[in-house]
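Structure provided below as structure tokens; questions to follow.
Think of it as A, B, C and D in the order they're written, each chain with its own count starting at 1.
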Amino acid sequence: MDTLLFNVIWAIPLLAVAISVPIPSTHIKAIKLLHVISGTVVMGIIGYLTYRVYTMGAAPADPKAFPLLLRFFTDIPWLNSINAHYTVGADGLNILLLFLTSAIVWTGMLVSWNIKGNQKIFFALIQILATSVYGVFMSMDLVLFFVFYEMEALCMYLMIAGYGSGNKDYGGKKLTLTLAFGSSMILATLFGIYFQSGLDSWSIMALSRITLPMNFQMWAFPVMFMGFAVSSSLFPFHFWSPDGHSAAPTAVSMLAAGVMMKMGAYGCLRVAMFLMPEAAKIWLPYVVALLIFNVVLGPFIAIRHKDLKYITAYSSISHLGLIFLGLAALTPVGLRGASLQMISHGFLTGLFFATIGMIYERTHTRDITQMGGIMRKLPFLGVGFVIAGFAGLGLPGFSGFIAESNIFIGAFQQDSTITRFVTVLAILSITTTAVYILQTANRMLHGNMPAKYETLTDADLREKIVVVFLVLCLLIIGVCPGWIADMLDTSIAPIFDRIAAATATVVGG
Amino acid sequence: MINGITLSYFIFLLPLLVFVINGLFVGNRSAKGAAAIAVIGNGIAAVCAILVAVDYFTSGMAPGKVIPYEFTFLPFAGFNANIGLLTDPLSMMMMVVVTFISFMVNIYSIGYMRKDRSAGRFFSLLSLFSFSMLGLVAATNLFQMFIFWELVGVSSYLLIGFWYHKPSAVSASKQAFILTRFADSFFLCGIVLVSYIVGSFDFSVINDLTLHDFYHTTINLGITTISQADALILGAVLIFIGGWGKSAMFPMHIWLPNAMEGPTPVSSIIHSATMVVAGVYLVARLFPFFAVCKGTLNIIMVVGAFTMVFAAVIACTQKDIKRILAYSTLSQLGYMMFALGVCSMGDVIVATGWTASTFHIFTHAFFKCSLFLIAGSVIHVVHTNDLDKMGGLWSKMPFTYWCCFICVLAISGIPPFSGFFSKDEIILAAFQGHHYVVFALALLTSGLTTFYMFRMFFLAFHGDPRSDLVRGHRIKEDFAMTLPIVVLAIPSFLGGYIAKGFFEHYFKPGSLHVPQLVKLEELPWLPYIAVAVALIALFIAWVCYCSPKAKISKALDETNRTRLYKTVYHKFYFDEMYYAVVRQFVFGGIARTARFIQDYIIEGLLAFVVKALHKMGDLVRFAQSGYMPFYLGTLIVGIIFWRIFGQLPL
Amino acid sequence: MNFILPNFIIPDALLLLFPFIVIGSRLFCSYRSQIPWRIANIGFIAIFVLLNFIPLTNNVGKFFICNWKIDDFGVLIREVLMLSAMLGMWLSKDYFEHGADGKPQMHQIAEFTGAIAFATFGGFTIVSACDMLTFFLGLEIATIPMYALTAWNKKDQLGSEAATKYIMMGSVATAFELFGFSYLYGFSGSIYFNDIRMAVEASATHPLLWLSILFLFCGIGFKLTLFPFYTWAPDVYEGAPTPVTAVLSVTSKAAAIAFLVVLVFGPLAPVQEQMAPFIALLAGTTLFVGNLGALKQTRLRRFMAYSSIAQAGYIMIALLGPVEMARTAIIYYLFVYALSNYLAFFIFGIIGHHREETFDSLRGLSKQNPALAIALAVSMFSLAGIPPLAGFFGKFHLFFAGATTGHYALVAFAVLNNVVALYYYLQLIKSAWIDEPEDHLSPLRLTKRQRTIIVALTVAVVLLGVLPFLSNNIFGGFTF
Amino acid sequence: MTLMNCLILAFLLFGIGVWGLMRRRHLIGMLISIELMLNAANINFISFAYFSAKDSTAGALFSIFVIAVTACEMAIALAIIVNMYRRHHSLDADQLRDLHD
């Protein structure tokens, strides 16, 4: 039963789209309602399944899924001509990410209730995007994984192009093409992995049971890792995210920054590092060096920016840098911190972009120098933004702090010069984060208010639901992180064991 | 102490509850209701705290450290981050002080915030602060301490910027938060480093370390590789930097005076009585650790002593009543800090400084808080912080006047007022630690303290009124605002005398792994010296500002003065320096460079790639000239081309 | 001797008779009558259906009078060609019916379909040839009607120019092929593939052999628009009427690639290894040049020309793989490519009915007719190879075949080129989705036929990839 | 007269065809050059059939078919060119430049 529920997760949005197609656009309310309800249903299902996974704890899972601890494991032959299977399964890590996705999708749909343009198509596109992300987090077969992973490009451009603001075409193209570039790197290495392994199988578990030839790993790992890192905006492939986010409509920014950027980091962990641990051990210290830009310089760039979405984009860049710091730590705490950061940053940036979008709907500008003192007129949204800000600068009580403390402590346990160095820099740069966040909040919310904003009205119920929901998610993780940490630990253990067991010896290389 | 445990839950939960209720439900509807809830909640919390303290001290387990309960907050590999309650004399004392003062300030705020529309928010934030402060003092480990450390920082930020339409308040709050955050980043570094080496966050573990077993193993810090023992010392310094920023020691002091932009009750509870002593509390809490790490105590001593003198000098020239108090707070914090520092005498430790410092925390909390409240009600009357507009208030507001007199005497260290005892002990400790320079400075500073406090006192209350608001009108002292002042004046009066023995009996830094000096020379003449200095300073102040032939207007005029006076008056231009550094170096230098890298180098490379592709595309399209002979040519050329490059075995 | 007509030959026979029947029917009915059209429809559909009844038999060829071979590959290529023929016919019907600006009323639909049928039959001949002569004839039969079709609008200046260029260069290419054939004949001394194969196995490095291979590849490179023989394609695609362009881009490409498959895996199979670098170079250069050329296009058909050049490059990659994989990949890709291309051309036909066929006339499509805009996006994304659309799986199969024999570098290069390709497909989508239209948009009129076909094609493109039965059952014939 | 001579002859013929193709701008002239190239191929077939090939009939057969096919190809070519002449009123290959990037 649970397995069935798990398998319909990605189907429900498509079903909703299929139902909505024949409904004429005159009944747009009904269509939107349909989509929101389907989103709620999915979220409910995933919430229930999360609970199930939590209750199962470390109980032995389907042996076919060894070494991973997968619940609801399903494995059906799919495309015989290329030996692709439909293989899905859930462990603590990806069920939580699934929940994050469903939450962001749900809130995103609520946020874009009154979006301009053809709403029918927009909601359909959101649903398709949701499907793709669900699929990525569910699938344990590389072809399936890649198919879902690449699907995002299909919706992203249309959404940004059709419904965005500002320089939509440039932003959309930059985003789509850069992501496509990343996934082309991934695809190239996927073929390599398949044929080097000689297993005639794309299954992650099967591939993780063997050791790929070292001199293949040595070039394949960096290519694949960077390919994934592109979508997590790791330097030097971060340039798509500021322009993309600024051009995208609110919901798309939420989804892109909140969920899709996690797909990359998730791929790095679940595919690249899991399948090629030996090379990972050799390469990751150099990846850490790149983080100096993400983590240390990113906030500084945010300081110099005036556009809310640019600021948020650069804050995402720095936060995702922390994810990679956690991954590169190669310690259980670090990996857990990275996964926690994925989840927490998802909610966090969702809240960020949601509030920004709502404020933008009212002020019609995102330039913080144009605003000021709107806290008086929009207390609720103001508080929402400030909470997002504090969560962003890692205030205890919110999830961000938990993730960051895990990452810092975990990364410091990695006894390599460069990692230690970057970790210290990262810890020190929490100040810079505080600087740009407070500067933004003060310029926008405090001080004296331009007269033109006298007529602003505060959030309505729908928007309040969104903000409150996201804040609650942040708080729950932040106040009682124990259970989530347990779930992540049990699901990360096999990955870490494999990495720990790997003996890194460069052959040719 | 079952009873105690159950009560102790209330100490934390009540303020939290008040925060939630006021913040979410009551706050923006009725200010009165919010005030009522806040006062009741914090009142009960205070009562609980006192009961628990009594329970603790009578149950005979004092001065031992007890951890009644502790929950695992977040498990790390090998060690846990817990949240719990640590009961020992220090934390008990702090709890009582915090809850009691926050109770008083809540009462006071009823009057002070009567006309403010968003009073509800104020009360909820105030409770948030006391909750986090309590969590801080109850901390059983560094992790918990850091959590609540940040929370007090945030609540302080929110309360300084409470009037967010005032640009000065907003920028002050930003400055306060960022500066403390800057210090906290080092604090966090220290925590990570120490916890990595020690393998635990717990104070109990960290406090009975000895460096011996760490000399052999080395640790790689990225830049250099040093022995773990040195790393521990480094960690101790880093952790102290956290306290450094929080307690606004020089040169991270500038945020505290600027923080006076906030509402006065906030200044009184956060920026004088409780939060700013968190730094001192941290050092006191980790004292055995610092004692083990050689040299750190000396740093602490130097920082504290310098700040003490520095702030006192500035305070002598200020005209803003709240800033005077702020600088006096700085200087008093300096006392506490160096009192902890002077404990190190070469390789041995003189524990008296520790006792003195904690004792001073206690006494200072009361009189400084009440002084701020007094300043608040004065400002409430004359609607300005400026001493220019005051004077002659003594007849108008007698309660306030007499309480102020008591507190000023207390801070000046005139017996039998509370300040005398604690300060006396601190100075004595400096002498016993054989730090004679600090000893001299401390004496001098106590003189300065007396001078500027009485300067403020005389200018505010004596002389003839310089403000129309005072002149002629009869002023009614608000009961809600006067009651706490009076109540707080009592411990400022008697607190020292009563609590002296108590402190000397219970307050010991705990088991140290360094030799302690047990027999110390007594200084019977010290009190007389101190009092004499104080009285002389008092007399000078009287001559300058209160005596019939004192030229008040001239004394208050800062324009035509010597350069030295101006420099001091402008706080040695430290704000300007900070401003310049931040503007030029951080925003101008680093940030601009980063932006440049982003906008020109990275985007430039990207643009180059796209351009190159387009150029090649143009080439292809140029070949598509529509000229058929050329096309036919491509067929022929194509064959030859592939004949040459086709890699055919031909 | 008495022989019975084996049933698997029936479709070919019908197709051979078809043009005569259709064209002949013109003699007996009035000028405007719809009968030829009906016959054409029935005939094509019937043939297509009959083809589907031929069982797939794990690639054991069945022979008809000893050198007309029908194997699974042949059957499936036949299906592709018939699909293309039908779609081309339907496309042309509505395109020519109510002639708008410059496009003449077309009453010779019978001749038109007849020509298409001939071309298709050429394709049939290629895949069922067992000797060079049939092979060559098939290629010619597949090509010559195309010349005629290109010049179909007698009044159209550009059309005639295109036709001229096409036929001149086409004849030169034919000459190359003939030269290649002649050398191959001279080398092996026989025109039968089996003999040639044996001869090739015997002496794999004979200069005549390789000279012939060079000439053959260059000749077919012209039809398949490989680098640098593609130069005719953009001009001809632009000059020819849209339906012809569509047929050209699918049928003649399919025929040409079938030609290569038969050649490379038939007589030349023993030297496939030695040919690999040559093929890889052809593939790489072609797809690169095709992608570059399409970057800044503004006219739809020219744009499609470059895109199809790039597609040809992608198809070539599969020729590197082992035979079954290569065949599967190519068949599958041809299906997908045909569907996506025809979807695009149907839309262009509708757009271009009252407007210039340029990017600008796509402006405001998403506002004017969202469904059409979505269909366009789907076809473009499919051509760009974005999952879950069929195009992705097509390309995936091609790369899979290429990577099997370890040409990772080429695959990586091709995959990176996909990004460039995506760029110009996005350009087109941009003009349909972002750009604001000019003052007034001339209304788009869709007949029921067009609407149904567009919907059907869109659904097919979406589902063809993800639904496993296609790659499992239809291609289950190939064992691996 | 050996196989080699014939092959050389054929190749020369082919070369002449190519040269003419490049040289001439008159469409008919170009067609003639193409004819030359095709017939060069025919000569190849015939000579191979005569000298070396196992089944010599095939070559001859092939060349005959080629002649036939080329004939109809040329017919269509001429038709198209005539039509082209109606539109452009010239047979100059250089004039055909309406279609280009």
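Definition applied: a contact is a pair of C-beta atoms (placed from the backbone, for glycine too) under 8 Å apart; a residue touches a chain by one contact, two chains touch by 3 or more.
It should be emphasised that the depicted structure is a prediction, and the values quoted were computed from it without experimental measurement.
Novice: For chain A, which other chain has the most distant CA centre?
Specialist: Following the centroid criterion, the farthest chain would be D.
Novice: Which one chain sits nearest the middle, judging by mean Cα positions?
Specialist: So the chain nearest the centre of the shown protein is A.
Novice: Go through C-D and B-C and name the pair with more C-beta contacts between its chains.
Specialist: C-D
Novice: Rounded to a whole Å, what is the gap between the Cα centroids of chain C and chain D?
Specialist: Taking the mean C-alpha position of each chain, the two centres sit 26 Å apart.
Novice: Between chain B and chain C, what is the gap in Å from one C-alpha centre to the other?
Specialist: It comes to 77 Å between the two C-alpha centres.
Novice: Just curious, how far off is chain C from chain A if you go by their C-alpha centres, in Å?
Specialist: One centre to the other, that is 42 Å.
Novice: Quick one: chain B and chain D, Cα centre-to-centre, how many Å?
Specialist: Using C-alpha averages as centres, the distance is 96 Å.
Novice: Return the residues of chain C touching two or more other chains; collapse runs of consecutive numbers into ranges.
Specialist: Within chain C, residues 164-165, 168, 172, 234-235, 293 contact more than one other chain.
Novice: Specify, in ascending order, the residues of chain D that touch 2 or more different other chains.
Specialist: Counting only residues that touch two or more other chains, chain D contributes 21, 30, 93, 96, 98-101.
Novice: Okay, what are all the chain pairs that touch?
Specialist: Here the touching chain pairs work out to A-B, A-C, B-C, B-D, C-D.
Novice: Using the touch definition up top, name the residues of chain D that touch chain C in the complex.
Specialist: Touch residues, chain D against chain C: 7, 10, 14, 17, 21, 27, 30-31, 34, 37-38, 40-42, 44-45, 48-49, 52-55, 58-59, 61-62, 65-66, 69-70, 72-74, 76-77, 79-81, 83-84, 86-88, 93, 96, 98-101.
Novice: For chain D, which residues count as touching chain B in their complex?
Specialist: My answer: residues 18, 21-22, 25, 30, 93-94, 96-101.
Novice: Mind pulling up the chain B residues that touch chain A in the complex?
Specialist: My answer: residues 28, 72-77, 81, 143, 146-148, 150-151, 154, 157, 161, 164-165, 167, 170-171, 174, 177-178, 181-182, 184-186, 188-189, 192-193, 195-196, 220-223, 586-587, 590-592, 594-595, 597-598, 602-603, 606.
Novice: Quick check: in the complex, which residue numbers of chain A touch chain C?
Specialist: 77-82, 118, 121, 143, 146-148, 150-151, 153-154, 157-158, 161-162, 168-169, 172-173, 176-177, 180-181, 184-185, 187-188, 191-192, 194-195
Novice: Give every residue of chain B touching chain C within the complex, in rising order.
Specialist: Chain B residues touching chain C: 613-614, 616-621, 623-624, 626, 628, 630-632, 634-635, 637-639, 641-643, 645-650.
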